[in-house]
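Both complexes below contain chain A, partnered by chain B and then by chain C.
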Partner chain A sequence: MKNRMTRYPSACFLLAFFFISCTGKPDSGEDPEVTSRGSIEVTAELQEIPGEFIDRSDYDYAFVMKYKVLEVHRGQLADSEYIYVGHYNPQKPRDAVSDARVDDVGGRLKKFNSGDIHRMALEMPIDDHFMGGIVNRYFDEYSGPVYWAVWTNPVSR
Partner chain B sequence: MQSRILLALAHTAIFFFLIVPASAQSDQADESLKLREEVQNRGWLAYSSRSENGTWDIFLSRPDGSQRQNITNSADYEEAAPRFSPAGDKLMYRRLPKGTTINHDQWGFQGELATCNPDGSDPQILGGEGDYPWAVWSADAKKIACLTKKGIQIIDLQSREIEKQIPRNGIYQQLAWSPDEKWFCGTANYKNEYWTVVRMNIETSEINALRSYQNCTPDWYPDSNHVILSSRPAGQAGAKGYGYTQLWEVDGEGKQHKLLYGEDGLHIYGGAVSPDGAYVIFTRCPEDGGGAEKSGGTLCIIRMKDTPMVGGESPDLRQLHPDAKSGPMIEIDKGWEPHWTSAEIKAAP
Partner chain C sequence: MQKDRVTHFTLILFFLALIFVDAASLFTMQLLQNQTPTIFDVVTQPPSQQNLRRFENDLEDSSWLVQQLRPFVQSVRFSMLNDLGKKAVRGLDGWLFYDLDVRYLTERIDKSDAAEEEVVHSILSFRRRLSERGIQLLLVPAPGKPTIYPEELTRRATGMKAPINPWTRKIISRLESEGIQCIDLFTLFTSQKNDPQASLNPTYLIQDTHWSTHGMILAASSVASRLIDLGWTSRGTTDYIQKSISMSRLGDVLKMSKVPGIESVFKPEIVKAAQILHAADRKPYADDPASDILVLGDSFLRIYERDEPGSAGFVSHLACCLKKPLASIINDGGASTLVRQELYRKPDLLKGKKVVIWEFVERDLRFGTEGWQDIPLPEDPAKL
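Presenting the complex of A and B:
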């Protein structure tokens, strides 16, 4: 009797492909950019996106989001559990976000979704690194430092 | 008898529908002519405008638009955003590489800072690309203040040394220095609102909000206690709810707000007050931002005493400001970022 694996090779291949696609390959988000840019590097979970992004192609801005820190790879954080991070023009994929105004930001993240995990290279405070409109909907509840996202990669576990 | 009555009614109708409007138009033209004559010899305007070679150049004209002349006239550069020194004896502007698109929000970071005599002679380039961002004159024109990421720097023009640096406290563009040198104002992130125009006490670096929500391009009145700015108030139905940008006056405490000029269908930018405080110059443009990316807007002048003023039909705006006047207003030229000096300039006739 022939082994089922050998009898239905294409079906097994499809099953394996489907399994890998569904589970996804773990990705720590590490790459030469995120490990070398900025003075701080963290892996953190995006806790929430506070409201809608502003969809105005002719006005640039940074949008502050709240993260729960999972791991600090480089540098030191002012607050070790939660951080507030400003992302430049968050409606754009990170690999298309740099422009004449801000030419040193990027990453592999395509879209921000709450609950996702990101590996980020950061600077602090945001005002030393970005000069423009900042949408900070946490202003009334948080007065600590806001970090500036230099590089943002997705993490899958 | 009946036919006579009908004839009289017809004449009355003709009078009200044809002659009265024509007469009103004629009155408006007369008023505009009066305004043009009134401002003619009240100093000079400087503004950026597209020249025949297609690049932006700096132009001078009398406030009535006469004696217009191109004082930079360079086909190899884009020159824009002129500012007279308070005494009117110097001019500064940004010089950008030919073909650069001027960004209406970032122009202060773009190109090189240039200074010259008010007639355009003796041009000097200070620093390189992007240096001295958002530079503005001190009262005696011996210093400039610049808005950098690290703070607001006051720089001695002769030594080029930074005399003082203070925190910018959220101000991110469009710096202006009050004539009495006690205050800065600029567009800032203030609390949870960006696009807030704030005033900063230079001595203490403390700021107070002048006007929140969609405001920019502030400039000082001669009294150092009022600011002119562009504002796009919320709740406008026009432009699919986006609204139109208007010109407003706000006092230094941010408590008294007054519409200066608005017109549904057009965005009003580049507001500046004449040195005697009696007139207002600005640009009207269909595009938001004042047209920096294209060819600017229409430069216009109105009297301060005729404000608040609403232009065009603007039914929504007239409903909000029922006491607003409709004119007179004069159009000067096509341009961007005008500025006004009372000084006499020995310009070529």
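Presenting the complex of A and C:
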């Protein structure tokens, strides 16, 4: 058995993946941070990541992404079906994103993938909460409010 | 011959093992953290150019091995080769330059960069839209540091007579021929540098991408004089005073280099600032959104103004010269497009405006974040 394990490492990793996937508890994204921060709390599905993130490690910015709202836990949304949310420095894991400039953002999400579900604590409008570059590639098609993501946790399906 | 083959195979096996260990450790750690392994992105996302590039970046950023080794490698490269990393370029006599500023001057223009037509069209379109509302536009391209001090980047530039930024000059000439008013800080700063008296006081910070207080005040005075000469505004009645402040500042180029412990190698620069205070109550200068002048720009406006010590940057000094408060939108690194998108979201800021001053750094002509998009103005507040 030991020989086979060393002979087929990729099969072992796949087995480990399925094992951990099956035994892991479904995550609703709820934690004391997301339920208490911001004035709005939603669970929403990330519809798309519009293009590439800005490839400049020296540039701090917010990147706007489109979400389909699945559940509103707290507060009120201006638009009930889709919302546009600005995330600070989206290349970074949420638990490492806060810095001297923006110290009140975070979460457990490690990376953004379209189709994933996130539970988020939000503020609105983004301009009142973030004083930097806002990369909004929906500018031409959408002129409504853009939310500011304060806390972002992953939700398992 | 046999020995060579053994060495080759050993090296091949070593590097293959390195790749395998890195991939396996990343895969296992992501599983243990209840994350979908990054490697699956290559099959779960459509194989578009964007997704593949993002996948490649994600792999690099999330690699545990890379994260552990990077600081060590950066330290070794710095101590052995004086290499400050991808973002910083070490010049002469302690001068540091930002990689993008240098690339702007040295790289051949690529088709994917914001093309000349796009820049010119965007600026002319913005001027037209403002003009329809009776608002004048004054353009303030801020020179990149290596444009003014190329001899601090390389000895080969010492004594150069010809302008080293022909593309910038070509665009400015085109804009001026279309009737756009531009402030020529290139000539102003270069003549300052060549003046034996003034050359002791550089117009740029040694460790930073931005202008010094001296350069910034020259720019603000030049803009104020042009506005008065053009008759676009008149001086107000608010009296301001200046308070000198000396502070130590670690330049942004050093912060960008990300070499561990770099702060202990380079001493912070001693920077002299001049904070603008209201003469009446000695309170620091503050914007007035109802002013007839709106200033748009990037981090060249942010430095000293919103950074330490505050109210000592371009906007405050321009207000001091004009004896009246101004309105401003400062968008770090976003003066090409993002600052106008922000203006679109703030229609009240255009209420009662007679002049818009638009500052952007020279390198943004090619590397501006989100290019040079044509952005409409917000709905006229008077018609709302």
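Here is the rule we use: the second predicted complex is superposed on the first by the 134 of 157 C-alpha atoms of A that agree within 3 Å, B and C clash if a C-alpha of one lies under 4 Å from a C-alpha of the other, contacts with A are read in each partner's own complex, and residues count from 1 in each chain.
Everything below uses one rule, namely that a contact is a pair of C-beta atoms (placed from the backbone, for glycine too) under 8 Å apart; a residue touches a chain by one contact, two chains touch by 3 or more.
Quick caveat, the model's predicted, so the values are computed rather than measured.
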- Message: Following the superposition defined at the top, how do chain B and chain C come out on chain A, clash or fit?
- Response: clash
- Please work out whether A:N113 is in contact with chain B alone, chain C alone, both, or neither, and reply first, second, both or neither. second
- Go through the superposed model and pick first if A:G51 touches only chain B, second if only chain C, both, or neither. second
- Query: Which partner, chain B or chain C, touches the larger number of chain A residues?
  - Reply: C
- Message: Is A:K68 touching anything from chain B or chain C once the two structures are fitted on A? First, second, both or neither.
- Response: neither
- Query: So, does A:N136 touch the first partner chain B, the second partner chain C, both, or neither?
  - Reply: both
- Query: Touch check for A:Y59: first (chain B), second (chain C), both, or neither?
  - Reply: both
- Message: In the overlaid three-chain picture, which partner chain does A:D128 touch, first (chain B) or second (chain C), both, or neither?
- Response: first
- Message: For the combined three-chain arrangement, which segment of chain C clashes with chain B: 57-65, 75-83 or 165-173?
- Response: 165-173
- Contact residues of chain A, present in both the chain B and the chain C interface: 58-61, 127, 131-137, 139
- Note on the structure: In their shared complex, chain A is touched by residues of chain B numbered 103, 105-106, 109, 147, 149-150, 168, 170, 172-173, 189, 191-192, 194-195, 288-289
- Residue ranges of chain A touching chain C (in the complex, touch as defined): 9, 13, 16-17, 20, 24, 27, 49, 51-61, 91, 110-111, 113-115, 125, 127, 131-137, 139, 154, 156
- Item | Sites on chain A touched by chain B in the complex | 58-61, 100-101, 127-137, 139-140
- Item | chain C to chain A touching residues, read off their complex | 20, 24, 27-28, 30-38, 41, 44-45, 50, 53-54, 57-58, 61-62, 86-87, 98, 252, 256, 258, 306, 330-334, 338, 341-342, 344-346, 369-370, 373, 375
